[in-house]
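Per-chain numbering from 1; labels A, B and C assigned in written order.
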Amino acid sequence: MNSRQVNEMFQIIKTMLAILVAMVFAFLFIVLISNEPLAALKAFLVGPFSSMRRFGNLIEFFIPVCFTALGACIIFSIGQCSVIGEGAVFFGGLIAAWISIKMGTGGMAVQLAALLGAALVCGLIAMIPMHLKLKYNADLFVDSLMLNYVLLYMGTFILNYSIRDSEIGMTASYALPEGSTLPVLVQKTQITTALLLAVAAVILVVIFMEKTSVGYQMRMVGLNEKFARYSGMSVGKLCMLSAFLGGLLSGAGGAVEILGRYERFQWLGLPGFGWDGILIATIAGFKARNVPIAALFIAYIRTGADIMNRTCDVPSELIIAIQSLLILMIASRGFLSKLHQRLIVQHVKSNAAESEV
Amino acid sequence: MIQLILSSQFLFGVLRLTTPIIFATLSCLIAKKAGVRNITIEGTMLCSALGGVAVSAWTQNVWMGLLAGMAVGVGVGLFLGYFHIIMDTDIWLTGIAINQFANGLTVFVMFLITGDKGSTSSLPSLTIPNVHLPLIEKIPIIGQIVSGQSLLTYLAVVLLLVIYILLYKTPLGLRIRAVGEYALAAESVGENADRIKLIALGISGLCASFGGMFMSMSYSSRFARDMVAGRGFIGIAAESMGGGRPMAAAAAALFFGVADSLANILQSFSIPSELLMAIPYLATIVGLVVYSAKKQKDEQRCIQQNIRNETDDKS
Amino acid sequence: MEELILEMKQITKIYGNGVLANEKVDFSVKKGEIHALMGENGAGKSTLMKMLFGIEHPDEGEIFIGGKKVQIKSPTDALNLGIGMVHQHFMLVDSLTVAENMVLRCEPKRGLFIDMGKAVSEAEHIAKKYNFQIDAKAAVSTLPVGMKQRVEILKALYRGAEILILDEPTAVLTPQETEELFRQLKKLRDNGHTIIFISHKIREIKELCDRITILRNGQSKGVYDVTEASVEELSALVVGRDNVKKIEKSKAVPGETMLCVKNLCYGYARKKRILNGVSFSVRRGEILGIAGVEGNGQRELIEIITQLRRNEKGELWLDGQNISAGNVKQFRDLGSGYIPQDRLTYGASTGASIEENLISASSGEKKYHNRGLLSAARIRAYTAQLIREFQIKCDSPRTNVGMLSGGNIQKVVVARELTGDRNLIIADQPTRGIDIKTAAFIHQRLIALRDEGKAVLLVSADLNEIMELSDSLIVMHEGKITAYFPDAEMVTEQELGRYMLGLDRQDEEQIKEVCYE
């Protein structure tokens, strides 16, 4: 085993152990507060697989967060903390609905236009805070966060003044034209072709980050910006590109969510997928290839939590809270650092012993 | 419109809406002075908002509620400190995770207490009293604006002064500023920088707790999910614009309070309310950029100036 | 016999990365003297003093203060023992006032508050006592460097320091400020304080100090009475070579000019230009060495040439192209390799693998790609060859560079920078702090490249390296070239030492000869 594998193995051990600790916490709380703890645990753990519809819920949750997590991977792997994903998901959904409604018909072309339009707009928007950071050194976190709220209200404005259906009793857009929504892939669920798009996005992002020199350069900037500059990379351009791609993916996530699962655009607040995306990316160690498994895991516990919430007396928010603890443990360098140190020392020693032989 | 803006009701509202932002700003300020970017203020406010409501309902004593909320705030601050300083976790990820944690936890606890996930309206929780200031109350206009505010609004002003004095007039403040700016220098005279940072984060959590309790025990009389609505984050922006000076940060907070009230008041005109709601956030971005650009320019000018001074000396 | 206030006996310190910083060093100071600690960069002066101040801890050896054996675990311990240190990088908080900096951690109080009035008056009082003029209420950031240094000294005195360590205090001062400092230090001595003065400026030591201890390569080279030893003797001891290692190489055959630097000026420090009209050229087939004590503008010069820093005035020509307003990519595309002195910040990315480090400057090139995508197999093939050729010891090419030893990290940097279609190699301290075998290997590679007709520009503070490896030499002192030796073999160590320490300089005509067209 070489030292890189030792590190990778440690990361896996650490993640698994964190998951174990989090799960123990979850069980403990469920047993403590529930009147029917066994039923609640069963609903939480097995629920997502108990029917096709419920398994469908899991995949439906997986799709948008997969997009936002990929976006977060690209932005965070270059070492920047932009949280534009949340606003981009919302705005992407809105723009997709707007384009569909304005085009007024269905078909592949409309779907494509809605999707691409939403993704592009969000990509461009995500570049704004990054530009302000590079040009004026304005705080990227605060700017991107504030922009999320601006996008929320601008989006609500567009909804109310451009595509709102006043005939119905709630705040929502006109119905999306027939055939403009994504076709269902699996009967009895809302799993649409969006799943295929998510899988394609994973493959493309993995190829981009690992197999192209631009993706490689982005990772290098994230690891050591000075080294990147010394090596002749254009750090500023790479940052802008990463912001664009990050926004683009989140926007696409919002678009497929609306086009896949809704008849009308009816979000009145930020949907939360952006934050989930950052948390999933953290579990994935900001590596795109780990995103599907991390996203599936989160989708699994969140769907389980929802089912438990509906069928038993344990609220799903318990799982949201515990999921955050899980991320804290995975992200902390201090967690299990002694074990890490021991593994490395052991490895170095065994290597030394080998080379002496 | 101008009449409306100059009306005493409007200015009364400005003070009211500025209150939670001032607390958030102070919370951010003291953490930053110790060198920690605290972005968990939003979550801290939520936790304290619920803690205060729950304990006040349980004990039927508003002051016990207040104390409990404060304790919760300090707890969240130290929780952040534990993970960031002792467990060496990235400050942004810690912050994001703790905010999410607070989102989930508050709803979970609320459900445990009330069986409701939306708000605590079924709880007989108490509110922090409004205070009528004797004498001042009688002054026309000013009395109408300043008097009759929540106790916490006055506390915000007091806390601003307390934090100012703490930072600039006490040994602890001096150490906080030294650690935040140049921890090595403080350590070279025997200071334990981690300890000072933890203390500062505890105080930071305390400041945020008042902001949260203002929302649930004064601005409204119950806790509701997501009720802080970004005010904690706006506090962070206000602090940035203040450039590390407490009074300037408070002024920036007031600016956001005005933007917030303007958005409220302009609704009676034909301006779409959605756009008005975006004003405080847009103002934050613009404000931050203007501030950062100016700071950058000043720094450049400073370097130029130094060069010029040094050449002058030479000749 | 005078009283010894401080004795350090048989001190040995080995850093975690295996660097032997001090080896069985004896160091003793008499009460009430100004004792110079002299040596080149990396000789172990700072390490020795850090151990005295409790920042580092000796692996072997004992420390006695006033005849009593002590353990110094932290700066607090040192301060309690009456030891104060003025660091080279000031330990001052810029936004605080002078008084606030001085009283930090021992603030005078009135109730809960700091008694700022008392703090100021105490600061002023102590300043007056030692005849220092300071404004106790001014923010430190507004003070000139010389003033900041005074605050540092006062800070130590305020904490009751009897022994005062000054780490290269004059490095940041103008001549006038230096004079002022010396007056004050002498006054401190007359008041009974003991001063340890770290420096490599021989004239200053002659002027100020009573005795001198010389360190070289982590070992003590003896204690001398400053009045009795001559400048020549001392400088020979400081810059001398322990055992001259001959580097085998043939005579250089210089060709056309590759790099041409014209009248470069840059920045200000200590009211002097950091670079003040530097002009020289490097030709194909020669190794041009830049000798000089560190901090005389070499770093800035190299960073400007390699485009990491913007130049202010003057021109840069590389292979016939003007790159005065260029960027790193352009510089590299013209066939340049650059071994930076800071290998862990610039030269390598410790969190990335050996493979990733080796391709960083050329990741866009076709040779790594297969059908438009990076090919792991091709990268593997290319890097495996480099790892073999440069004998990089690792368990896998995907091991993180941070896991390697210092020598192997440098081999990664060198492998990347010396391989490929190169015209110019810039090597800044290429063998500092690495093992002898690796150093010799790097020297051979540089000579081989020279023999292939590449131009090599070498910067080194290691006298052995610069004299043996270079074909011709220039000396930099205070931002200027002060000497040019067309044939490095004709220079003696003593001669070079005098130029490096600023005791001599050639006339303009001689220096100008280093500019070829």
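Just so we're on the same page, a contact is a pair of C-beta atoms (placed from the backbone, for glycine too) under 8 Å apart; a residue touches a chain by one contact, two chains touch by 3 or more.
Owing to the predicted nature of the structure, the values given are computational and were not obtained by experimental measurement.
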Testing understanding: with touching defined as stated, what is the shape of the graph linking the protein chains, line, ring, star, complete or other? complete
Have a look and report which chain pair racks up the highest count of C-beta pairs in contact. A-B
What is the distance, in whole Å, between the centres of subunit A and subunit C, each centre taken as the mean of its C-alpha atoms? 47
Rounded to a whole Å, what is the gap between the Cα centroids of subunit B and subunit C? 46
Subunit A to subunit B, mean C-alpha position gap in Å, rounds to 29
Residue ranges of subunit B in contact with subunit C within the complex: 165, 169-171, 174-175, 177-178, 181-182, 184-191, 306-307, 310-311, 313-314
Looking at the complex, which residues from subunit A come into contact with subunit C? 2-5, 7, 207, 210-213, 216-217, 219-220, 223-224, 226-234, 351
Using the touch rule from the top, collect the residues of subunit C that touch subunit A in their complex. 306, 308, 327-329, 331-333, 338, 340, 345-353, 356, 359-361, 363-364, 368-369, 373-374, 395-396, 398-400, 403
Quick check on the complex: what are the subunit A residues that touch subunit B? 33, 81, 83, 129, 132, 136-139, 141-143, 145-147, 149-150, 152-154, 156-157, 160-161, 269, 275, 278-279, 282, 315, 317-325, 327-328, 331-335, 337
How about subunit B: which of its residues touch subunit A in the complex? 37, 39, 83, 86-90, 92-94, 96-101, 103-108, 111-112, 117, 226, 230, 233-234, 236-237, 240, 272, 274-275, 277-278, 281-282, 284-285, 288-289, 291-293, 295-296
